[in-house]
Amino acid sequence: MTSKVSTLREAVAAHLHDGDTLAIEGFTHLISFAAAHEVIRQGRRGLTLARLTPDLVYDQLVAAGCASKLVFSWVGNPGVGSLHAIRRAIEDGELQIEEYSHHGMVGRYTAGATRLPFFPLRSYSGSDMAAANPRIRRVASPYDGEQVDVVPALNPDVTIIHAQRADADGNVQVWGIAGVEREAALAARRVIAVVEELVDTSVVRDDPDRTLLPGTVVDAVCVEPFGAHPSFVQGYYDRDNAFYRDWDAISRDPARLEAWLDEWVRGLDGRAAYVERLGPERVATLRPERRPSGSVDYGSYR
Amino acid sequence: MSDATPDELMIAAAAAELAGVRTVFVGIGLPNTAANLARASVAPDLELIYESGIFGARPGRLPVSIGDPALVSGSAACMSMRDLFGGFLQGGRIEVGMLGAAQIDRYGNLNTTVIGPYAHPSVRLPGSGGACEIALNARRVVVVMNQSLRSFVERVDFVTSPGHHRPDGSGGRPAWAGAGPTAVVTQLGVYRFGADGEMELAGLHPGVDEATVDAGCGWRMRRAASVARLPEPPASIMAAIRQMLA
Amino acid sequence: MTSKVSTLREAVAAHLHDGDTLAIEGFTHLISFAAAHEVIRQGRRGLTLARLTPDLVYDQLVAAGCASKLVFSWVGNPGVGSLHAIRRAIEDGELQIEEYSHHGMVGRYTAGATRLPFFPLRSYSGSDMAAANPRIRRVASPYDGEQVDVVPALNPDVTIIHAQRADADGNVQVWGIAGVEREAALAARRVIAVVEELVDTSVVRDDPDRTLLPGTVVDAVCVEPFGAHPSFVQGYYDRDNAFYRDWDAISRDPARLEAWLDEWVRGLDGRAAYVERLGPERVATLRPERRPSGSVDYGSYR
Amino acid sequence: MSDATPDELMIAAAAAELAGVRTVFVGIGLPNTAANLARASVAPDLELIYESGIFGARPGRLPVSIGDPALVSGSAACMSMRDLFGGFLQGGRIEVGMLGAAQIDRYGNLNTTVIGPYAHPSVRLPGSGGACEIALNARRVVVVMNQSLRSFVERVDFVTSPGHHRPDGSGGRPAWAGAGPTAVVTQLGVYRFGADGEMELAGLHPGVDEATVDAGCGWRMRRAASVARLPEPPASIMAAIRQMLA
């Protein structure tokens, strides 16, 4: 089979265009900052950014002027406070917003993945959310007449996910929090998987239950160790909570934020340089001790 | 005067609300500590369920985020958000949801979206996350929040998560929904709701009097049939809280 | 935590009542014949049996007179032919049927699991299936007016699944084909999990991604090694294809079927006796060679 | 006279329909063998997807059932049926679905449900399984079945899986649906469909003449612009088939 491995630079250049809807998914875990930085370096403009929790990754994309719209369900710096670049862009009228709840966003990706126009759910009765967002609507059940809330399908032009490992055929494996990575990828027209490690297909095939996405769904596999920092990768590195705290002061001050982007994104040619600048000591403090899953037996049937 | 800090009193009171409960949907911060405390005391069978999809976490440290890797390692199950929000929360399998808020009204309507009008807010808050669906689908809701004239308001600026009904009496809860907020825990006391869905002062923390409650409430707070004087948390509970927060 | 372990006899007696809707799920894999045999021994009557593929397991329940209705999507002996007891009961008017497609049944369980009155899907345009089953209906999308097929929620009174292992808290782990086990269990009022092995909770907690159902969902854990024979359990034993072939002649002849039920079900007091009667040689031929999954690292975070 | 059996001719012709294809939804029996043959010859990137949720199987033996454990061990992915039927099949990610049937009409409508009326059938068949949704959602469908006056009928007794439209011209395919049946492979030949959705004889297996086709068809079978004489499968293909079936 033709290898799907490419550089992140090539993958972003080939698959993401100005004006696209982009979803970088991974709930708290596996957030591809490496891909976001490449998008900033390539100067994409006019993106609609979809993500349950915009997090620092979209604060950076918005600060760099890549986005014109944000689709989300919880906009904040978890455990810290606001995302200041996004807040400023909304207040300045530079960033449109379209707002759902977590289950609403899960449902939007699921409807997109399953090619349905809508996804039914029970989330908005008595809330002002449907009044604030006219795309939240209702249908009547043909069984009992109940009015059920619905959200519309979301089909990103590109979904980018981060994962622990993949093989060259594009089979992607994840452990720990998978969030909405599968639904967001299946909903997308094009999928980029950024991984910590490229492994032989035999490693994947020894444990097919761990496969989040089979290769038929994935357009490019990009190997970027530490590519999810300052978020975390289960078993590989911890969340860099100090970075999340430090971001508050950085993003609060537009000049400082601009300098940060110059130093950590535009001034570097990729994630390897970022990791080098981070320094081996900081990287080392984020490495966990081992905790093996144990092995199960699939059986050999001949 | 109590030896416990206001946060510690809130944690102890919130934990007491979980007595005998088996499934609680928690966020980070005070609710997380309260739920861990409950499991160590009044609710030994309690499973902590996080919106990142983690069931039965046994973290080796106090988690900083709902997506802390310490919540995953050693947990009983790690589900997709589709299963968590669909099959578990909406499926009616979560007994208690713990929620915070920037504003609450006397009917338990919660605002975590905006201060001011939605289109031009004076303060943009994080939004719902999973709060609106927790408020509807958990079998009951325990609210944990700081109380002041800014947060206990006559009318919330935006109903993110519905309480018992609107201030004008409209918008009652659908038949399939959970019971909604049954308790509100603040640094001043514990509140419950009357049969008509209106909040009532049910208990005062040590050292707090009713005048302080009234001074920290934007409407005339009703009293329950009897207002309890909440006891000082026992030494064992205080020690457990302080060990968790250490 | 209170242990959920009980005998299958106790679990069926406590949770399954005459007239209940019962789903024994597990798609080709993990079919709890042990539970079905216990249901026959306890003489349940008037059951509505739901299952994508009724398979031999429901042919036996129907033959024993336990069922009054069948809800399904594919009724046959896979690779062999008909299920004769079910065919006779339908022809004799003793068994009502309600028929969907595979995705329709998946959707019915999913709606049940998520407490929605219906599940939307694109399965029946141009087919006669909706005309044959008035419970297959349509709703109009409030976004584009498209008429979308819907199926109604299915909430079994009891769902029984088989799995490789569980701990005493009821956390159930599966590898290989999971089919609709999760959705069928979440849709049910009461859940019985039959497992090959009871393991310490530390085994489960070393690999939380393998957990199909957390313990909060499970009412009883019953340990019945070889309990899915003649279906298979990945890594534990193979499908007994000879049994599936032999069943054709047995179930074709009502007298022979009755004798089989007497010999293999009513005349035995449980699965251990069944395995003993099967004999160590037959069991040995169904054991696969080992094929380990390999271990992944979740990391220890302190 | 061909050295190949009718089954072998069908397998070889069905495999040829998969040239260059990357994703095929297969059942057990002839379609499975044909898909494996295609991967070994004309479609090296072909992923075999089974309705039990298995992607990219590399079985160590010929599977007896779609749920054979040999399909799981060594496969690339094992998905829930909800993901398989929702995110993959309905999601439009399956290029070719291979279906069999007890009856087919000239517009490619397939019956696997009943012979006779639905309420009182003379023969109860297995029903849809996943066939009706495969017929609608796969980007195109290849039908593999035995041909006779009993199976190639003017009017099927029940439309389980829709073809191009009803015999009366009603019930065309929705905009979102795949192309429907594009080829039918039988022991006699290969059929395709005209722009109006009617089946046409496109190719004859070695040793089969048009009169035999007409004698095994319940309607007057139309001819394609040119009817090919299908070649004897090459020795390498025959060897591969026989090795698989050994």
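A, B, C and D are the chain letters, set down in written order, and residue numbers restart from 1 in every chain.
Operating definition for what follows: a residue touches a chain if its C-beta (ideal position, glycine included) is under 8 Å from a C-beta of that chain, and two chains touch if they have at least 3 such contacts.
Small disclaimer: the values here were computed from a predicted structure and weren't measured.
Please give the intersection of the contact partners of chain A with those of chain D.
Per touch definition, common to chain A and chain D: C.
Touching both chain A and chain C: give me those chains, sorted by label.
Intersection of chain A and chain C contact lists gives B, D.
If you tally contacting C-beta pairs, which comes out ahead, B-C or A-B? Let me know.
If we tally the C-beta pairs in contact for A-B and B-C, the bigger total goes to A-B.
With chain centres taken as the means of their Cα atoms, state the distance from chain C to chain D in Å.
Chain C and chain D have C-alpha centres separated by 29 Å.
Chain B to chain C: how many Å between their CA centres?
The computed centroid separation for chain B versus chain C comes out at 39 Å.
Take the average of all CA coordinates in chain B, do the same for chain D, and state the distance between these two points in whole angstrom.
57
Where does chain D touch two or more other chains at once, residue-wise?
In chain D, 54, 68-69, 72-74, 78, 86, 90, 137, 176 touch at least two other chains.
Would you mind listing the residues of chain C that make contact with two or more other chains?
110, 114-116, 121-122, 146, 176, 182-183, 206, 209, 234, 238, 288, 291, 298-302 - these are the residues of chain C that touch more than one other chain.
Can you list every touching chain pair?
A-B, A-C, A-D, B-C, C-D
Given the complex with chain C, which residues does chain A contribute to the contact?
Residues of chain A touching chain C: 114-118, 120-122, 137-144, 146, 148, 150, 152, 164, 175-176, 203, 206-207, 209-210, 234-236, 238, 288-302.
For a test of understanding, state which residues of chain A touch chain B in their complex under the given definition.
Those residues of chain A that touch chain B are 27-29, 52-53, 72-76, 78-79, 82, 87, 90-91, 99-103, 106, 110, 121-129, 132, 146, 175-180, 182-183, 231-232, 234, 238-239, 241, 288, 291.
Of all residues in chain D, which touch chain C in the complex?
28-29, 51-54, 64-69, 72-74, 78, 80-82, 85-86, 89-90, 113, 118, 124, 126-133, 135-137, 158-163, 165-166, 171-174, 176-177
Can you name the residues of chain D that touch chain A in the complex?
Touch list, chain D to chain A: 22-23, 44-45, 47, 54-56, 58-61, 68-70, 72-79, 83, 86-88, 90-93, 137, 176.
Considering only the defined contacts, which chain C positions touch chain B in the complex?
Where chain C meets chain B, its residues are 1-2, 110, 113-116, 169, 171, 182-183, 186, 201, 204-206, 208-209, 211, 213-217, 298-302.
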